[in-house]
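Here subunit A shows up in two complexes: once beside subunit B, once beside subunit C.
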Partner chain A sequence: MRLRKLEELFFKFLMVLATIVVSGSFFLIVGTVFYKGAPYMTWDMLTKTPGGGFYIGKEGGILNAIIGSMYIAGGATVLGLIISIPVAIYINMYMDGKKFLSNTLRMVFDVLFGIPSIVYGAFGFLIMVYFGLRASLLGGIIAVTLLVIPILVRTLDEVIRTVPLELRDAALSLGSTRWETAKVVLRAIKPGIITAILLSFGRAIGDVAAVLFTAGFSDNIPTSLHEPAATLPLAIFFQLGSPVEEVQGRGYASALILTIVVLIITLLSELLLKKLYKK
Partner chain B sequence: MQKLRLLTDKLMSKLMLVFTIASVSLVFIIGAGLYYKSIPVLQNSTWGKLLTSSIWKPLKGLFGFYPFIMGTLWVTAIAIIIALPLCILTSLYIVEYAHARIRKILIPFVNLLSGIPPVIFGVWGVLFIIPLIQDHIAPHFVEFSTGYSVLAGGIVLAVMIFPLIVSIVNEVLRTLPQELKDASLALGATKWETIKKVILRKALPGIIAATVLAISRAFGETIAVLMVCGNNAVVPHSVFDPGYPLPALIANNYGDMMSIPLYDSALMFAALLLFIIILLFNIISRVILTRLERRMAA
Partner chain C sequence: MTIAKPHISVQDLNVHIGDNHILKNINIDIPDKSVISIIGPSGCGKTTLLKSFNRLLDTTAEVKVSGNVWIDGENIYDPKVEITHIRKKMGLLSQRPYPLPMSIYDNVAYGPRIHGIKKKSELDAIVEEQLKATALWNEVKDRLSSSASRLSIGQQQRLCLARGLAVGPEIILGDESTSALDPISTSIIEDLFVKLKEKYTIVLVTHILRQAARVSDYIIFVYMGRIIEYGLTDQILRNPQETLTQEYVKGYIV
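Our next item is the complex of A and B:
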């Protein structure tokens, strides 16, 4: 009898321990990045592009990478939305009575979501070679768009499914066409669309493997779609590989910047989702 | 007017259909594109030879992927061995034991972890895990280790797949019928006995699906692993040896691949390999999960 109680206690202890490790790892990671990065944080990091000798520890910042990442993540999210909204609407509103087909489509997007970004990067590179494009902002946007489409479609799909059927039925029974009904539904899921945008942007801004082949790297802020663009994660990766301590430190500071940006985005989307599901 | 509205509806419907077909066929287009690019290296060699040879000499046109495949398997196996028990215990605690208020605090942290970009995990690996292994773990077992090892890759990957496994297992545990638990508890079983003999048994398919999904995620992870694994093209023999997983190979050599003949083809073959394995694993786990969902709904 006592043995049973002991076993119970022992495993409960293990569970608490595991929970502490799993949820604590978040603090460990963010804490490490803050601790190492904060001393190297300067205003210049955020507001200047790399000056001459930046990579041997001289002056400059990573504005080029910040802007480059914003362009790529923003461009990919906009392009992704243009493609994903119609897909999500089609799956939900135009496939009535074809449950098997629509569920299969959902599964395909889940599978696409599981494909690693390095494969999207390699495939993006193939497309670029095929069309004779060089590593550029455009190339990066194309590769990252492919990466975020599954995220956007699945998120929008989930959100559209929370819209009460009555709303659709009401619109349809008033004589609206399916497309007009879709517009009503789209208006109802506005916060959901913002959540999807945040999720996609967060994933896009943090990804390296997809932009590695396709966007290239540049110390300048790109002024056209055909110029190569720096990205934050790549800037972190390159600076960390440097033997110069000052440059490594700036790498940590860059990591801190990216972490803060992504945390804000994730928190916002969490809050929005919570609000959405409460309704 | 009426006609115009119907016409718009028809047009939009067709347009959306085109978008849907185009994005779904991405799976096939990616597969076909990568295969097409791998043909030169496949003509030069065979599938068997590419997969089992250990000789990696791109300049001589010799591409043996065995060390890279083993590198991938090592880090993935280590990651799963670390993450799976931890995550199952965590999920059990969150779903079965934790007070609703604690649950509400815990779950967001798991979600926040999943939002952290891979490169940040890599930075953390370099700053925290590498010194930990070099100074505190490895000296107990081997004479010397730089810390850059498959173990480091495995640990970093384990943390990266925490949120994935926890969220799926949570979902699976939550859908188990309360009656099952009640019946076991009413028979006098303790909570842990109920977990051991009823809950875990019932949740097994879901746990397997989560594991398969986690494996496929770990397989494809690139930058974090690249930063901590040491990237040495030999087959690792212990957890403290460096390894060189497939995605790291692709990412590290994109610069030279256009200047050496067949090199680009070989790297695309590596991507194809990843794509096929991950596709299979994903399909398997999704099928298990949808079946579970349907059974729960019925």
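Our next item is the complex of A and C:
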């Protein structure tokens, strides 16, 4: 009897410990970024592009990177959705009898999901070279789109599979075509689409490797798709690499901004989901 | 049993799903404007038989169907036949209600809309007519634009019936349509079936013999994928000819 009690205690201890380590490291990360970045957080950081001598830590902010990241993550998510929704619908609703084919496709997307983003960056770079494009906003968006498509397809696929078959049968038995039925299914998974967008945007805004060769870097806010664009992760990377203490501090401040942006997006989508579920 | 003018006529229907032979040599004629109950133990193929009438089996994986089903003299398994128009002829009421993810009004208007009715006044008339036909109008007329998922489950099932009727079907297929409902909602639906048979042919799958007795004119007893017996309700329940039917009716086979 004592042994059973001990066993219970031991495993409970393990679980509590693991939970503390995980949540503790979350607070440690956020705390470190905040502690190191907060002193350098100025209004200028958010509202100005780098001034002269930014790399030696003089003045200006990282508005160029904030806007660049938003453009790239937003553009890639929109482009990714336009491609992913039809794929997910097709796999689920047009391949009824072809289980082997649909499962193979799912596996392909799982593999793509697991490919490191630097590979997408390199691939995007090759495409750009082939078309004679230079590092630009467009190049970044294309590379990041490639990166988020597998995330979007697999998330949407999972969500569509939670829709009861009876709902499809209901639409079909009213004489709907498959596409009309698919539209009903899309309405039913609205909250799931938001989750997919969030996942994709979060991954897109935080990725360095895919934009490294493709988007380039610039101190200016891009005004066209063909200009190079700065991104937050790259700004953090460059600034932290500086030997100047003040620039390193700005790097942490940039990391803080990125964290806050992701936090805001998460909270907004939670709010949106709650509202949708209420309906 | 011979039917003078069958509405649905099934010839040599065989259905395989994967390696399972679900329905074996089904031959049956279903009369017009009456209620027919398909009874039998679970897993006997009742639902598969029902779904073969509106080709909903098409969406099942690894399904093979051979044989013919004639509806109004048209073979629905003819490759040339247009499937949406076959399904439009039949309203389906499933085990649990699955309202479409939209408002009460849009649920009923959905079918007419996809079949080309655009005029608001026409749609309004259809929605009101069908909600009245399913005894739902008085309960929902003030909140037609609220979401269908807010209705009680019994109301949802009647909404699903109204939605099916709105496309102007000739046949209503019910797959254990009351199994998720409370007794009061069940009796409302049963009364509706009896009333609706003036206009529609109604085929119900049920595992409740008392329900079959209450609503149906004819009963089909299915066992292990075969039709064992088919006849008038009274005859099947009171005086079955086959031993298997006798045993099922007495409750020896479940």
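To be clear about the criterion, the second predicted complex is superposed on the first by the 241 of 279 C-alpha atoms of A that agree within 3 Å, B and C clash if a C-alpha of one lies under 4 Å from a C-alpha of the other, contacts with A are read in each partner's own complex, and residues count from 1 in each chain.
By definition in this document, a residue touches a chain if its C-beta (ideal position, glycine included) is under 8 Å from a C-beta of that chain, and two chains touch if they have at least 3 such contacts.
In this text the structure is predicted, and so the values were computed from the model without any measurement.
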Partner chain(s) touched by A:97 [first = subunit B, second = subunit C, both, neither]: second
Which of subunit B and subunit C A:59 touches, first, second, both or neither: neither
Which of subunit B and subunit C A:245 touches, first, second, both or neither: neither
Which superposed partner A:180 touches (first subunit B, second subunit C, both, neither): both
Which superposed partner A:5 touches (first subunit B, second subunit C, both, neither): first
Subunit B versus subunit C as contact partner of A:112, first or second or both or neither: first
Touching partner for A:169 - first (subunit B), second (subunit C), both, neither: second
Subunit A positions touched by subunit B in one structure and by subunit C in the second: 177, 180
Subunit B-touching residues of subunit A, taken from the complex the two chains share: 4-5, 7-8, 11-12, 14-19, 21-23, 25-26, 28-30, 32-33, 36, 83-84, 86-87, 89-91, 94, 103, 105, 107-112, 114-123, 125-127, 146, 149, 153, 177-180, 182, 202, 205-209, 212-213, 233, 236-237, 240, 251-252, 255, 258-259, 262-263, 265-267, 270
Contact footprint of subunit A on subunit B as seen in their complex: 5-6, 8-9, 12-13, 15-17, 19-20, 22-24, 26-27, 30, 33-34, 37, 85-87, 89-90, 92-94, 97-98, 106, 108-113, 115-124, 126-128, 159, 162, 166, 190-193, 195, 213, 216-217, 219-223, 227, 247, 250-251, 254, 267-268, 271, 274-275, 278-279, 281-283, 286-287, 290
Subunit A - residues contacting subunit C, complex: 96-97, 99, 164-177, 180, 184, 187-188, 190, 279
In the complex with subunit A, residue positions of subunit C that touch it: 54, 56, 58-63, 84-85, 87-88, 90-92, 94-96, 98, 100-102, 110-111, 114-115, 147, 160, 163-164, 167, 173
